[in-house]
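Here the structure is laid out as structure tokens; the discussion comes afterwards.
To keep things simple, chains are lettered A, B and C as they appear, and every chain counts its residues starting from 1.
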Amino acid sequence: MGTISISTSESIQIVDISSKVQSIVSRSGMKEGLCVIQSTHTTAGITVNENADPDVKKDMLKGLSVFDSDDYDHSEGNSAAHIKASLVGPSVSIIVEKGELQLGTWQGIMFCEFDGPRDRKIIVKVIGNGNM
Amino acid sequence: MGTISISTSESIQIVDISSKVQSIVSRSGMKEGLCVIQSTHTTAGITVNENADPDVKKDMLKGLSVFDSDDYDHSEGNSAAHIKASLVGPSVSIIVEKGELQLGTWQGIMFCEFDGPRDRKIIVKVIGNGNM
Amino acid sequence: MGTISISTSESIQIVDISSKVQSIVSRSGMKEGLCVIQSTHTTAGITVNENADPDVKKDMLKGLSVFDSDDYDHSEGNSAAHIKASLVGPSVSIIVEKGELQLGTWQGIMFCEFDGPRDRKIIVKVIGNGNM
């Protein structure tokens, strides 16, 4: 199991972690299988989105503001962050072939901070049919 | 493959099933790999969220009400439940190490009922690199 | 690894690909494990939803329109599609037993086009504990 540590700098922020995940896949020696990337937090999630225009990240954070509200009960005041993290999802699964994450041209693996800035930990596991 | 049966008591309700999932992982004898927890329904999903303050669950259900509407066509009248279940997702994948689900301190595996009360079935599979 | 090619005909459209995925599972010879179905695009995703009444698909597309907005910055003008794809998710994991996808009665695996019509590619991998 590999670990990625991230320190976010904004209250809401999307960070491309694709190259860090690929490094873990490469080190694992696994050539064929599945890579699971998992957030260990409840106000941050993992998804896939465009890796090119940074405006896509900004727009995604803007779009998710439909869940912002003053009408929540949780005393910490970060319920919107919990909702966004649960919807984006705690983990994402990407297929591995020939030792490479099978991402499309524009796909990047995105860590989504919804209640930063914080120090965050992501865990990564490669499951496969052996070191073929 | 393990099975978890749940009878929900509310129309919308979030239930922490982490300990039931851990029991299945422990019984499987698998020490290292991946655990997939899957709803077999189209108006209920699985995600991860905070396991401490119950208000987080209530707020999540409240936040998802942005999808409630009188403008849907499906004759059963539960389209919002279908949408919420699809967005939350039918399954979640959690990494397993040393026989333990690798959940963060505040993470719990949550069954999300969106069209209850009903009897629900969740299936669980542990995939791994052997009983190491 | 199997591949499914789809040419969508609408700007937003949901297509049931369950039987195509089952064909790949059957061809793999894998009897027990996990099937991962992954979109290789950033404006299309994969989820599970009802396979019966077509109105459920229409209502889901309608419900997701809460993310439509004129207030996005991405110059291609398809930010809502990126957001929907990230929320629905790039991949879905379904348990396999006895060579069959373990879908509930009403569950279908749905390819979700959010920026069509386009030619799309889905990749499918079966990971398991051998050809038992």
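Side notes on the structure shown:
The criterion applied here is as follows: a contact is a pair of C-beta atoms (placed from the backbone, for glycine too) under 8 Å apart; a residue touches a chain by one contact, two chains touch by 3 or more.
Quick caveat: nothing in here was measured; it's all calculated off a predicted structure.
These two copies of the sequence, chain A and chain C, are related by a rotation of 120 degrees on CA atoms, to the nearest 5. Annotation: the chain A:chain B pair of sequence copies touches via predominantly different residues, less than half of the used numbers being shared.
Chain A and chain B have Cα centroids separated by 19 Å. Of all residues in chain B, those that touch two or more other chains are 34, 66, 87, 89, 93, 127.
Those residues of chain B whose C-beta lies close enough to touch chain C in the complex are 1, 34, 36, 38-42, 66-67, 69, 71-76, 79-80, 82-83, 85-87, 89-91, 93, 121, 123, 125, 127.
Those residues of chain B that touch chain A in the shared complex are 32-34, 47-50, 53, 55-56, 58-60, 62-64, 66, 87-89, 92-95, 97, 102-107, 110, 127-129.
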